[in-house]
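Please find the structures below.
The following pair of complexes shares a single chain, subunit A, combined with subunit B in the former and subunit C in the latter.
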Partner chain A sequence: MPDIKTPTTRWTLNGQEVENTSGMTILEAASEHGVEIPCFCYHPGLSIAGNCRICMVESNRSPKPVISCSERIADGLEIETESEVAVDARNSVMEFQLINHPLDCPVCDKSGECVLQDHSYSHGPDRSRFIEDKNIRHTKELGPTISIWGNRCIVCTRCTRFCDEISGTSELCIVERGDRSVVDVFPGIPIDNQLAGNTVDICPVGALISHDFKFEARVWNMERKDSICGGCSRGCNIEVETLDGFVKRLMPRENQDVNDWWMCDEGRYGWRHLYSDDRVLEARGPSGPLDSSRSITAFIEILDNSPRVAFLIDPFLTCEELHLVHALAASSSDSLVGGWLPEQGAAAEFPAGFKISADKHPNRNGAEQVFGHQVFGEDASHLQRALDDGSIETIVAFCGGPDPDGPGQEWSAALVKASTRILFSVLEGNWLDGAALVFPATAPLEKEGTWVSEDDRLQRTRSCWKPGETPFPGELVLLQSLQSALGTRSRSLSAAGIFRELSEVCAPFAGHNHSDIGSSGLLLSDRPAGVGAGGGA
Partner chain B sequence: MAVTLSFSPSTMKQYEWLLTRYPTRRAALLPTLRLAESEFGEIGVPEMRYVADLMEIPPAFVFGVVTFYTHYRRAGTGKYHIQVCSTLSCALRGSEDVVTRITERLGIVPGETTDCGLFSLSKVECLGSCDTAPMLQMNDDYHEDLSIDDVDQLIEQLRESAKGGSN
Partner chain C sequence: MAFRKIFTQHIQKKTCHTMAFYKQHGGYEQAKAALSKRKKPDTLIDLVKASNLRGRGGAGFPTGVKWGFVPKTTDKPKYLVVNADESEPGTFKDRLIMEKNPHLLLEGILICCKAVGIETAYIYIRGEFVFATERLQKAIDEAYDAGFLGNNALGSGQRIDVTVHRGAGAYICGEETGMLTSLEGDRGNPKLKPPFPAIEGVFGCPTVVNNVETLANLPYILEIGADAYRAIGPENSPGPKLFCVSGHVENPGTFELPMGVPLRTLIDKHAGGVWKGRKLKAVIPGGSSAHVLTADECDVAMDIESLAAAGTMLGSAGVIVMDETTCMVDAMLNVMRFYHHESCGQCTPCREGTGWLAKITHRIAHGEGRMEDLDLIQDVCDRMVGKTICALADAAAFPAESIVKKFKSDFESAIQNGGSPAWKKRHPSVVGGAASHA
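This part shows the complex of A and B:
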């Protein structure tokens, strides 16, 4: 906030006079000037513990080195991070940390993204002087999703602080003392909270191991894409990590406006349906599978022979896909569009402010903006009535959710009343029986485009698929092919291109494009975050 | 074991008095655990749970505190708890020999209890008696300036008094 005069402190960092906002710690302030001080126990989202000592620096105000994670800057303070005293202190701490560490990096899941490994490389000794026996600490399950490999633990207490401060569940503690101390749970009370997976992310070593990711992949072989969790309408920022195009792990990505550094376990582990045996992977008609050109031809034939076409959209579709559906619906006269919503789940709010929404879908808000009205409210009831009175013969329905029941019992029963059904589905299910055409639908992690979260934040999600190796044409490609065949589109575009079209015709998106959404998204409206959540239905 | 633990009214009174002496409830944990130890005889999982619920603090925190200190009588400890100080001064003055001798005589290593349930052996951190190193604490008593003979004698004495006590 440049308009408010914030008090600043002048201090000296490695011989250079610098200025920072008063009250910052040395570690934070130094990082603003590009000086990275190593740390294990420090985490910007947690309270300061100061127990690992690796961040020690030399100070003109102390005869001994000080820990930069808790010491604050002050006028006239002179800090050396690379002096002999500082380097010595760091190297000694590193040697000490490694005394009982097993150095089992070749079999450790953290290897490659391990803070201990990195610091050992840059600050540690290349051999150990420790000739005594290393002590053994427990390896055991702490809960249904997490195990502790005690020998690797450096007792930084990040995980226990997380459970005390962020999830507020306090299941973890440090038991025993000195070199025997290690993370544990109270006997009979496992760590089983909705945010538990984050403790594994913030573990600076491989002590906490996620059962879901254990021995799944070496982290340096994986590719990472910035994406958005489609599990609920919060729109937590995530990183999707893939190996050969297959998702192996989801990690939260920092966004102070949405999810801080965290994500919930429901979102984190909720991707196995991508590789379910029940996935719909190719288009098919009543007589069997159709290749993509024949499926398009069949689709168009149906559209041409239908006096009235209705569309049932879902809140998983991206704004770009919805724009194409909108255009398709607009091109045929007398069409109807409604939307279905999955059943509400449980909402949750945690002491540190992290929220889980009851709306288990990512883009209700976006759909309402693209269509400009209550597509899940009034329009949906209108569509349902039209189906009930038999005035709709042809319907195109989408289900990008991981539910084999598609749009749910009620809508499935209503859909049957349309004699010709074109259905997009992620999973096989009874609701696909008797469909004129079935198309594979992309699941949230496979979509390329934008969603609007419950806070009206427009965010970009990216497909986990390897470019050029898509198992089937997603809705974005297929709907454009349809338009081309109908003669309403001259060339097919990427998601960014479709967004540009959308921004030209739809007021809430006007003036925006994919590149200015950035990595943390942008607010479509000025209303404060959290107010009017749920899209104002 | 669904035994419901509870402080007796007089212990509860002491507990309430304790709370008035500390700025926060959590700060009164150590003396409260002492009360629990004298009330229930030992500190095991049910006792820790009781104290946690009573004080409204997370059970895991109580677990961490109890295991940090060696001074609480943990569940399953033998009648005679021999705690050999093995911090610096005692270590330099031969605490390891004391431990080895006890292990030879009793057939248990630190952390174990004899099958008869009479003896438990622990290596503990500094007991604040460095001037009389090496030393050990047997239940509530200090035995200082130990020689190997002293250790033998102590064990004999304890065996005798156990016999005397049971007859």
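This part shows the complex of A and C:
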């Protein structure tokens, strides 16, 4: 029921009197009552264009059918969505949409998730009365990542409105008139903005095609998992689509508190290093590869023989993994923990409010919650000084980022001052030279657990594929095995189980568990004011 | 009272377009009276309402009522946009006013600006009207020099600026909201209504959009009063009117006559009758967007109500006359190509429908028609009418459905005999049609 203070409007939908918050459009209001009116040009994140006309319904206030995306509900308004007038209007639009549209669904990347295809099944004719030659429009590259297949374009202008309103870059426009009109760019100005990939997502047909995904997979064959983008500390909600266990595409997932419907191209295309030939895929010692149990034995041996162990964490680790590192560090006396941060990138804010953070990692905030907020500051300086003065012999360092330089030159130089180095890395790199043990690290999209975004939002990231022919145990499993071998853990738990342990000992997470995080995350509310995670930008 | 011409009275005179000539013949007297401080704007609006002046652009909306929709108190500037795009095929009346009588338009603009409280007026003129633009600009310069326009227009203390803006040759920019979008600097796509221009028009501000001929009526209404004006022609759509007659007549041209003149009189008396002694076949009475009339239906008065009752419209009063030798298939192809070319392409039914109609008509004309195409044309028209943002889809469908319905035998003949006569004449070797789809 609507809030008492919110004014409501009583109107009639398909003969039934209904009530909605005043000011809603017919399309939105009908949807609240389970009546889905088809649309092409309407997108909740964009302005109303009202050009596709498929959402026409019959109204008692107009002699002609009205478009439900633009007309608003009013007291006494009577709307029919299934009357002869409404159905005929809808079918008319479908017929018009299809007459010049190519029947190339078998080779179209949008096939299977195409709005035109879906509406064609529900509202379209089963045969064409159109025997003329179809119109030909251009197929060309609009930018480094996107091409237009003009014949498929239904000129809904979602993409041009996106570039006008959301990215604010206005590269796309409609050229020509009538049934020759098609999306294009201005000469010499390709579409190359940081949000360009979203235009492909919102294209209701296969007119805008992403070079990255072209001919890669049939969408109905892919598996989908909700996750979080690890590209920066915004924590954009995403859907990871995999085929036969391989990532094919990242898509933004709607979350009005974080990323609306969008994601940036940096995050969208930032997963190729997962398939790099340079990945570290198995544990190894100085004498060669080690299997799982021998690597743990070697690890324990080093810990047992080290008077003082230091840990260098990274902001890619999940809260659960960090909790395990924390526990491991706590089990040996006199240990030191510090964290390293990747170099700051470029931050951006777009006209519609979408933001890209300068912090190119997902969980600095979470690490600060688990270890206290000095972990990347004072603790890190302290650790660096200890390394410099040679008081640390053994260090365990993590690098889950995409950089082959690991934690960067400064830290790499400091690390070699510890004689025994146990290094977790996603990619091979010079910083691994001379390590006592090297372990494969999991990258974002391979981790199961939680991250805390720069806005203090606790969100779940999911493991969407496992690298390597024989998958290696990730940090979550490996650190628990170490604890078992050390006798500090009785049984191995899932990420949810570790989170429960974390929530019991770490105040900011108290009272939460994996299942109540849900698909859109939750705010960690009880932080003292002024202790923000930001400050990096 | 004898009918007095107000637009074309002096157009034969060489200097008719100058301010001196215009003033000599009583010009700007009405604007001076209207702009005097004692005159209340509302009395002007009431006068125009009482005169029953209907818009001359095509839709025939009551001008005074339209002015009344503009908010009286608003913190935004208000604009007048004069529609001088005159893009409707068969129409050439506004051009005559602007070329021969530009000060009449300027006087009308002054009166409108006073009535609605407007300081800035734009004249959106069709780009091809180079000569009209020059004449108009010259007249505006004269008016500024004389202090009739500018910061203290006619000494009234009110600022009234007039700017001429040239279009770039799109039919759709004659549509009221398409014109406003174009004026704003965007591609001239019509806008969703509501909001209507009177509330949110050009640059998001309240805007009056009036046709050239509409505004040019205003000085005369002020001069003779609402009652006398209403007595010219039918009471509900009165006034002097410019009729443009083109096509197969002996004496084509623009004729100023009282509203409600019989169509037959217009063609036979004023336009010299159908040419070459031939018989009348068809007439489009109000620009190419109107339903066509057969020769038998031409006993009709040329005013808004009478033509609506006859199933067509006065529109822009562009009367296109076709003689008995006209093949209506070719005529329709001509019209359909135009709408296909000019549809802006934003609404699906219009974008696809205009192209489809043009292709079907083309196919019939070229000897590849099928009998079922005639029903298909009707059906496509039904599916276009009333389903788009602006009326361009209607404008394409109205002539199409009426031509096919009223001149079915021409189409049947083209389908059965391998194409339209004109096409067969041009392509004697392929008569019988190319590979048929049927």
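Rule of thumb we're sticking to: the second predicted complex is superposed on the first by the 516 of 537 C-alpha atoms of A that agree within 3 Å, B and C clash if a C-alpha of one lies under 4 Å from a C-alpha of the other, contacts with A are read in each partner's own complex, and residues count from 1 in each chain.
Keep this in mind: contacts are C-beta pairs under 8 Å (C-beta built on N, C-alpha and C of every residue); 3 or more make two chains touch, one makes a residue touch a chain.
Small disclaimer: the values here were computed from a predicted structure and weren't measured.
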Three-chain arrangement built on subunit A, subunit B and subunit C clash or fit: clash
First, second, both or neither for A:G50, with subunit B first and subunit C second: second
Touching partner for A:E378 - first (subunit B), second (subunit C), both, neither: neither
Partner chain in contact with A:R177 - subunit B first, subunit C second, else both or neither: both
Subunit C versus subunit B, contacts on subunit A by residue: C
Partner chain(s) touched by A:E410 [first = subunit B, second = subunit C, both, neither]: neither
Contacts of A:I189 with subunit B and subunit C, given as first, second, both or neither: first
Touching partner for A:E95 - first (subunit B), second (subunit C), both, neither: second
Listed stretches 19-27, 55-63 or 181-189 of subunit C, narrowed to the one that overlaps subunit B: 181-189
Footprint overlap on subunit A, comparing subunit B with subunit C: 173-174, 176-178, 181
Subunit A residues within the subunit C interface of the complex: 48-54, 56, 63-65, 70, 88-89, 92-93, 95-97, 99-100, 129-133, 135, 154-155, 157, 173-174, 176-181
Interface residues, subunit C side, partner subunit A - complex: 170, 172, 187, 192, 340-356, 359-360, 363, 376, 383, 386-389, 437
Residue ranges of subunit B in contact with subunit A within the complex: 45, 48-49, 52, 58-64, 67-70, 125
Sites on subunit A touched by subunit B in the complex: 160, 164, 170-178, 181, 184-189
